[in-house]
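Two complexes are shown next, each including chain A; its partner changes from chain B in the first to chain C in the second.
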Partner chain A sequence: MRSHAGWLTLILLAAGAAHAAGTDLQIRVEDQKHDPVGDGVVWLVPLDRPAAPASAPPTRVEIEQRGQEFSPLVTVVRVGTTVQLPNRDNVEHHVYSQSQAKKFEFPLYAPGRAESVVFDRPGVVALGCNIHDWMLAYVVVVDTPWYSRTDAAGHGMIAGVPPGRYRAEVWHRRLASSVQREIEIETASTPLAFTLALKPDRRIRRPASIERGGYR
Partner chain B sequence: MGGGNVEPQPRRPAMRSRLAFATIAVVAVLQTATGAESTAFAEAQWNDNVSNGTKASDRIGAVQLAAAGTIARRSALAPNILGAAEAAIRTVTAPRYPDLALVSAAAVGRVEDKLGLGPFASSFWLEASAGARFARDSNRSSYDFAAAAGWRRRLDEMTTVLIGLKSELIAAQADVYRRRFTTLDAEVRRSVSPAIELFAGAKLFRGDVVAYATPPRPDLVALARTRMPVSTFGRPMIAYSIWANACSGEVGAAWRVGPATSLELRYEYRETSRRPLRYRNQLVTVSVLHQL
Partner chain C sequence: MVIVVLVAAAQLTGFFIVAHLHRAGAVTEMQKQLDRAADQLIRVVARRNDDLARGASALAFDDGLRGALASTRDRATLRSALNSFQGRVDAGLVALLSLDGELLAETRAAGAEFSGYRVLQQRADQSESARSTGYALVDGALYSLVAVPLQAPDIVAWIVVGFRLDAGFVATLKRETGVDIALEANGESLAATPSKGTDFEIVHRRLGLLQGSAVDVVLRYSRDEKLAPAREMERLLWVVFAGSVLVAALIAVAISRGVSEPVRTLAGFTQRIAVGDYAARVALARSDELGQLADSFNVMAAGLEERDRIRDLLEKNVSPEVAAQLLRDGGALGGEEREVTILFADLRGFTALSETQSPRELLALLNRYLEAMSAEIEARGGVIDKFIGDAIMALFGAPLGQEAAADRALNAAVGMREALERLNRTLATEGRPPLAFGIGINTARVVAGNIGSKRRLNYSVIGDGVNVASRLQSLTRVADYDATIITSHATVAALRAPNPFTLRPLGTAAVKGRQEPVTIYAL
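Right after this comes the complex of A and B.
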């Protein structure tokens, strides 16, 4: 009898832990032609309670400059995260942002050096290089622990989402207008899928000719 | 009226490849040593009238091959103002006409001001350069000086417009090759795919040109500032230095074949005149640039 009670306690504890850990929410993002959309960002804003307190920030979030490009193109961070901007290129860069969520500027800094920025407000921050106009990166700053960036196959996953009502928001650099949807997370949620209307890619291209001189 | 006959010099075909190799080697060593930004460049150009002949019998076409290397060090002089110091080495050869071969070296200083942050801010630049040319035909050896100014603006994500003004002085050993000229040029470049860019431009030129002709040419004698007998093109001709105007139009395409390598094809049509002198040039240029 005592051993049966012990097993029952263990089962209840495990069930409780699973409930507290929440659901792993699978995400799929595609465009109007049903092609997968990579570098999309999906995050969940809880409607029934405030967002969980910030977990310990990742030890290292960085956007590097290499080969006269930023990498990665899209980074998602929680409010308060410090992002390193190392120059691993063989030329100097002048990194800046004019976005409302974070304005900053690092005039020419040399290969081997790194600057850092604390992203302290939610929003989308576009980073550029004032010398190499085609260099572009985005930092999506969210005020929630539940977010994901889609891979090249358009897939993402948000781990440990507690049951409840959420507003799911989507961002992509070519998104014509904001997309959000209210969802209910059960203990076993169905995948969350979005079909986005994307604008043509008008990103500034690296010059096909290699120009001499300064600003390009 | 200028110097005397040009003495034919012994042909040294191996010199060209040695010079090209030396150019690339010097740039590579400097780039490695200093970590500066550098480019290597090779070009083949067909000029249907390299002699600037006004009569059909004096129009001589030639292929010219060039190899160049540049190394540049940039620094911020103030927010949004770049200063750049550049060293450039260039070799030019014409396989059929060795007297056109030369090696040049130049130092370039450049200041560029971008009026604000972002890709759509205009930028202006001022440039000054000084250099020397060491030509196989020593009459063509010179000290060169140039001053340039320019403006650049991106009209939209795909289109960029550039306007430049450049004034040059080539202080050559022989008077006939001493030239002063000013060039005003405008160019529009448009990306049509991630790897391909098309461009079109126009140039206005005013200054000294050197036109070659088989004597007698009293019309050119009347116009020429100075003249000199030459054998550059394998037959006796006279080089005339004439103050003239030119205008040209060009179109081309650039193709990025790798992260640091681009291929460019360019066609230019140029008309040069000073009444009654008139000649035209058509130039087709293929160039490869590689950023080290």
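Right after this comes the complex of A and C.
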């Protein structure tokens, strides 16, 4: 997790640097039981300006396959970002997406190879593996530079948000659909908090035998 | 007869108790079996649901179906995909629903729109396991439905698979449980196993439906079939019953022959004994208690006969009164003092007579004389105490007290004198010499009772008065008195007034062994 958090920090820092003039918006996401919600994605869509300013895509975004899992589970990218899908496992994988935002399929590719995908439309893309049912990753593609992914403590931060009106959207894999709210960003903005009604975790359980080493 | 009825009653009671318990047991057993069958039905459905859900879940990852769903919303295409899916999991129906519960496609070609899919999908969406099951009536048929998610890898749609609880299903269940099953909704049969018989043990279960009412599961067990062993046992019991009653009847007849008839024989015998037929004997050739009883009866009869004979002999040898008293009181005639009138009669010249007569003739003559005298004494209530050779000792007022004992004695003496005259006339015609006697009569208080040894007892009286009577009799020999009957003053004093007798005073006489002289009279 630590290395993923590092990547995320890199992304956030890159985004923050471009808009250093704005407010740093603190974010907190919790569920109906007031437990912190990690892997929540919050982004802001400006309502006063017709479009968000373009920003340079980060140098490198990747979702690796290791130990028959995708990592990280949730990735947020701006539209147009290319995501590497390196196979660092000892088995082949068959990565696919049937999501409307981006459909693709990489049939059986061997360890060591790294396919890449350009996410050119906003939306949530669920990545699966045709061989390993439990393998799951999400790529949240947003058309805005102001986004954040909450950590395990349910905290996130969007740096350098210019004052103005925004549509704040939050996505979580256990939400039926994304939650939206209109907000006003002042120079010293109050933290943005969401309380989400989450559905049961439907993630497919990995068979115990595989966790024990892949044999019966 | 009573025994037969008792045995029959006991048998019948036993029969009904056993039959009742057996039937009750059979019914309880049937109820249990029906309950088990009902539980099994639910279990079988649950298992089938599980299998179906697993199969559906496995296929939900099928690339083709996922691909079809991802690439098209064309109903015909999706339905063809579902048909393929249906074949693989052996489902009665398959439906595909969007995340919003909208029906995307289903294997049913026609039929009314079924809104239960959405109910099922929503339940599954809310559940932890992302699965829900339920019963539903689809096109008039009962289905068990399962909703599972279609994951790619996120949940992208819901698949509902169902299997039909049809005739084949209930037939399978019947093979496993032996119970007839009928599924009914609103009084209409959905599926039922063909069942024989008319008399059923029935258990009802209700299967709640996703929507609307419920389906009635009727589990039936043919009583005829289940109670067949019980009926067989009852038939057997009837045979045992009839047999035991028959045996009881035979035993009763045997007992009647063996006991009742001998008892009747013995009863008849006792009646003969009761009327005095002591010669009767009962013949039972048996060695048991009845035989012993018959023997005892015979001994008793012999005893009675012996007693009768003894009484007869007794009456001949002693006076009937003494005999009666002896028999009544046994041999113990206790000594008692009572007033008795004693009569002594002695034959005169008998010794001389004995020289001219043969002993046989002499005895015959003596007996004729004694017979005639005894008759006179007894006719007046006197008791022959004893014959002392040719002498007679008679008592009046003993052993039983008598009224006018003295009168009776004097009357007897007069009667004896007349009887002797008659006897003498007869003897004269026979050419025999006449007989003569002397009589002495005295009245005194004497001791009366049984006198003798243990083996031989004589009822008699003893005392001074007896001697006086004997002496008075001796005085008749005194020629001066010229009397054949002499009585003492004591007797005369005891006579009732008025005195009918002609008495001639003879003055006083000294009696041997007695200091005072006795006043005597001739009669």
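Everything below uses one rule, namely that the second predicted complex is superposed on the first by the 187 of 216 C-alpha atoms of A that agree within 3 Å, B and C clash if a C-alpha of one lies under 4 Å from a C-alpha of the other, contacts with A are read in each partner's own complex, and residues count from 1 in each chain.
Everything below uses one rule, namely that a residue touches a chain if its C-beta (ideal position, glycine included) is under 8 Å from a C-beta of that chain, and two chains touch if they have at least 3 such contacts.
Here the structure is a predicted model, which means the values were calculated and not measured.
When the two complexes are overlaid on chain A, chain B and chain C occupy overlapping space and clash. Judged by the touch definition given at the top, the superposed model places A:Leu108 against chain B, while chain C stays out of reach. In the superposed model, A:Val91 lies in contact with chain B only, and not with chain C. In the superposition on chain A, A:Leu127 makes contact with chain C only, while chain B stays out of contact range. In the superposition on chain A, contact is made by A:Pro207 with chain B only, not with chain C. By the touch criterion defined above, A:Gly67 reaches chain B but does not reach chain C. More residues of chain A lie in contact with B than with the other chain of the pair chain B and chain C.
Within the superposed three-chain model, A:Lys199 lies in touch with chain C and out of touch with chain B [touch as defined at top].
Once the two structures sit on top of each other via chain A, chain C runs into chain B at 113-121, and not at any other stretch of 5-13, 59-67 or 113-121. 98, 128, 130, 133, 202, 204 are the residues of chain A that lie in the contact sets of both chain B and chain C, per the superposition on chain A. Considering their complex, residues 61, 63, 66-67, 69-70, 99, 125-128, 130, 149, 151-156 of chain C touch chain A.
Those residues of chain B that touch chain A in the shared complex are 35, 37, 39, 70, 72, 74-76, 79-80, 82, 84, 86, 110, 112, 114, 117-119, 121, 123, 125, 152, 154, 156-158, 189, 191, 194-197, 199, 253-256, 259-262, 264, 289-291.
Residues of chain A that touch chain B in their complex: 67, 90-92, 94, 96, 98, 105, 107-108, 111, 128, 130-131, 133, 202-210, 212-215. Residue ranges of chain A in contact with chain C, taken from their complex: 98, 103, 126-130, 133-136, 138, 173, 176, 199-200, 202, 204.
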